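Can you read through this structure? Questions will come right after.
Order as written gives the chain letters A, B, C and D; numbering starts at 1 within each chain.
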Amino acid sequence: MSNQPPALGAFLGASLRRQLLLAYRRPVDTINPLLFFLLVVTLFPLGIGPDPAQLAEFAPGILWIVALLASLMAAEGMFRQDYEDGSLEQLLLSPQPLYLASLTYTAAHWLVTGVPLTLLSPLFATMLQLPVAALPVLLLSMALGTAILSLVGSIGAALTVSLKRGGMLISLIIVPLYIPVLIFAAGAVRFAAEGFDPAPQLLLLAGMLSLAVALAPFAISAGLRISVDAG
Amino acid sequence: MDGHGVYVWSVVVVSVLVCAGLLVLPARSARRFIAGLSEGEAPAPQAAPSVRIEEVNNAPGS
Amino acid sequence: MTDAADALIAVRGLGLERGGKALLADLDLDIAAGHLVLIEGPNGSGKTTLLRSLAGLSRLGLSGRIEARCDELLYLGHRAGIKQLLTPRENLAWACRSQGWDPVHIDSALDRVGLSGRADLLCQHLSAGQQRRVNLARLHLSFDARHKRSLWLLDEPFTAIDRGGVAALTDTMAQQVRRGGAVVLTSHQDLPLDIPLRRVVLGGGR
Amino acid sequence: MWTWFHKLGSPPWMYRISGRILAILLPLTIAMLVVGAVWGLLYAPMDFKQGNSFRIIYFHVPASVVALAGYYVMAVAGAVSLIWRMKMAEVAMKCAAPVGAALTFLSLLSGAIWGKPTWGTYWVWDARITSMLILFFLYLGVIVLYQAYENKEAAGKACAVLSLVGMVNIPIIYKSVDWWYSLHQPATIRFTEESAMHSSMLQPLLLMILAFYCLFTCALLLNMRSELLRRGASTSWVRGLAVN
């Protein structure tokens, strides 16, 4: 008759594996953001013109704005499937702390959208003539930045999951919160491209990430409880 | 106002409009709501239906 | 009234209001070990809302106090709460991790709900009735886990279940109650049970 | 000590108290606004660099300051409604949002109009104006989220969470925009450069800021009264008001 509390670590590991397994079994959710990224990046030279110098100048901003939109698009449906089939209720009823359980959803979202975006960003960067010197900083800023985008996007997803037209709404309430990430991340890449030292921006990004990791789960858990209750 | 007048006065007009709006709109909607109350018969809150607890074949306790 | 101390869930002066309509007011209810409670009432009288409030899922429009003092709380709602792209075994494995049950019982639980051959089939290939039975398999897992103060909250458990399934389910509920757990369920069917039952009739009753 | 805290929660008491406060504060606010405006527009000396267009700050700066403070008022009210489950705090949060949004809009519009004589264009990506624009989006986010929920109690809770998240982010947004702005346009006039303003220019500005704070309070209380009436339509104290 083991009444000791269920193992937290095993539960979190199982939750993360479950999310990744689900993502693996429905690859379209993983590929969509990447295709979106590629598609939108190719629009810019068509719009601005193929002149390499001009593209290179805009490249950091373009890359980061498109990454932000791709992450936002993927964040919208993060809890929707679990909300509709009732497994979100089971998550809330679990004796495990929701603060950490909701983090597994965000971590899975980052692994499924953030990391692929980061790994493919050098490809998109070269398409936009970004100087090669800036690539390592681009990778680092993407890794840190997409994690913050996932955390903040999860808050928006949790607050709008029970709403029928949640799609448009999540961009209005979340994009303003993405702005500091965009400023410092794009700034870091631009500094690197122009040969300056991007360290301050990257450190600020890391600082914002640690703040987000600590505080976002409170808002995500509260949002989930409200959405399931209001559903 | 050496030529900048038009800008200054347009700001003043906008400010007056916003400040007046902030004060007048809620006050008027409250007054109109109270007026609306006296004529129309507001829906009386129906009491919650009763809850009956029955015991079947001698349940333990209550 | 049983003294509130050993009640698995103590309800004091509970009032529920949804969509501007007062569903019930000032309900006092103690559900202690060995209690089987059936919540009845016409549609829209607040059966599901009451059950979700007991589960702690619903706090909107709630007044009064609900204190749950149980080691384990299981809520089975209208939706099966299982992932279509996972197999019954994977679904239940996650439930075991979440509630602290022993995964070794998964196969026996699936056998008891008549899904022995389908443990590793994606749930999307199962029928609606079968998917509900995967959900019901949780009851057997909870039963095997033998938590002393275990509370089951079941919302219309008999829907889409065949006659044999209903008999098996009522038998499981009887065992849970005899073992010292408690079961609260909502249903339109009358329970073919000889054990003591308390009926909470909402909406002014029949 | 806690009795007034509980009483604060009862709508009829709040309705009466806000009525008495408004009876004093409303005329005072209007007086301050008029005096401040006349003082700033006519009697304060001209700014030697910008000429008379600088007088716009007597409306732009107070609106910006109070709009930002308004967001904090909304977020704190949201926090109180979440933590102590106080209905009145939720009403305060819901009513503070439109007032704050209106003041942010006024700040943006006056900032844009101010841009024309100074920089020759209506929209200038100045740090302060850009931050105001983001604050405007934050306000709209709360207002739209509130409308999106059918169940208004859930709407209140969701908006409380969103406004708290917004409150944590505002300092980060302001600092990042400042850094971003200093990076790109170091040379031009920084709008909020509190250049050594002569006291005769500063005094009307302080009066106007105080007037705008009182304006925010009055607008908030008026909004809350109307909301309390709407929510308590079927209660006796509201019907009592209709009779006399």
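Following the convention adopted for this analysis, a contact is a pair of C-beta atoms (placed from the backbone, for glycine too) under 8 Å apart; a residue touches a chain by one contact, two chains touch by 3 or more.
Quick caveat, the model's predicted, so the values are computed rather than measured.
Visitor: Any chance you could name the chains that touch chain C and chain D both?
Guide: Touching chain C as well as chain D, we find A, B.
Visitor: Moving step by step between touching chains, how few steps can get you from chain A to chain B?
Guide: The fewest steps needed to get from chain A to chain B is 2.
Visitor: If you take the mean of the Cα atoms for each chain, which one ends up farthest from chain D?
Guide: Chain centre farthest from chain D's centre: C.
Visitor: Can you name the chain whose C-alpha mean lies closest to the mean of all the C-alpha atoms?
Guide: A
Visitor: Distance between chain B and chain C based on Cα centroids, please, to the nearest Å.
Guide: Inter-chain centre distance comes to 40 Å.
Visitor: How many angstrom between the C-alpha centroids of chain C and chain A?
Guide: About 36 Å, centre to centre.
Visitor: Could you give the separation in Å between the centres of chain A and chain D, each centre being the mean of its C-alpha atoms?
Guide: That gives a centre separation of 32 Å.
Visitor: Report the inter-chain centroid distance for chain B and chain D in whole angstrom, where each centroid is the mean of the CA atoms.
Guide: So the centroids are 19 Å from each other.
Visitor: Can you list the chain A residues in contact with two or more other chains?
Guide: Counting only residues that touch two or more other chains, chain A contributes 229-230.
Visitor: Residue numbers in chain C touching 2 or more other chains?
Guide: Residues 60 of chain C each touch two or more of the other chains.
Visitor: Which residues of chain D are in contact with two or more other chains?
Guide: 151, 154
Visitor: Per the touch rule above, enumerate the chain pairs that touch, sorted by label.
Guide: Pairs of chains that touch one another: A-C, A-D, B-C, B-D, C-D.
Visitor: Touching residues of chain C toward chain A in the complex: what are they?
Guide: By the definition above, chain C touches chain A via 55-60, 71-75, 77-86, 90, 93-95, 97-100, 146-148.
Visitor: Hey, which residues of chain D end up touching chain C in the complex?
Guide: Spelled out, the residues of chain D in touch with chain C are 151, 153-154.
Visitor: What residues on chain D touch chain A, complex-wise?
Guide: Touching chain A: residues 82, 134, 137-138, 140-142, 144-145, 148-151, 154, 157-158, 161-162, 164-166, 168-169, 172-173, 175-177, 179-180, 183 of chain D.
Visitor: Which stretch or stretches of chain A touch chain D in the complex?
Guide: It is residues 155, 159-160, 162-163, 165-166, 169, 172-173, 175-177, 179-180, 183-184, 187, 208, 211, 215, 219, 222-223, 226-227, 229-230 of chain A that touch chain D.
Visitor: Could you please specify the touching residues of chain B with respect to chain C in the complex?
Guide: Residues 45-62.
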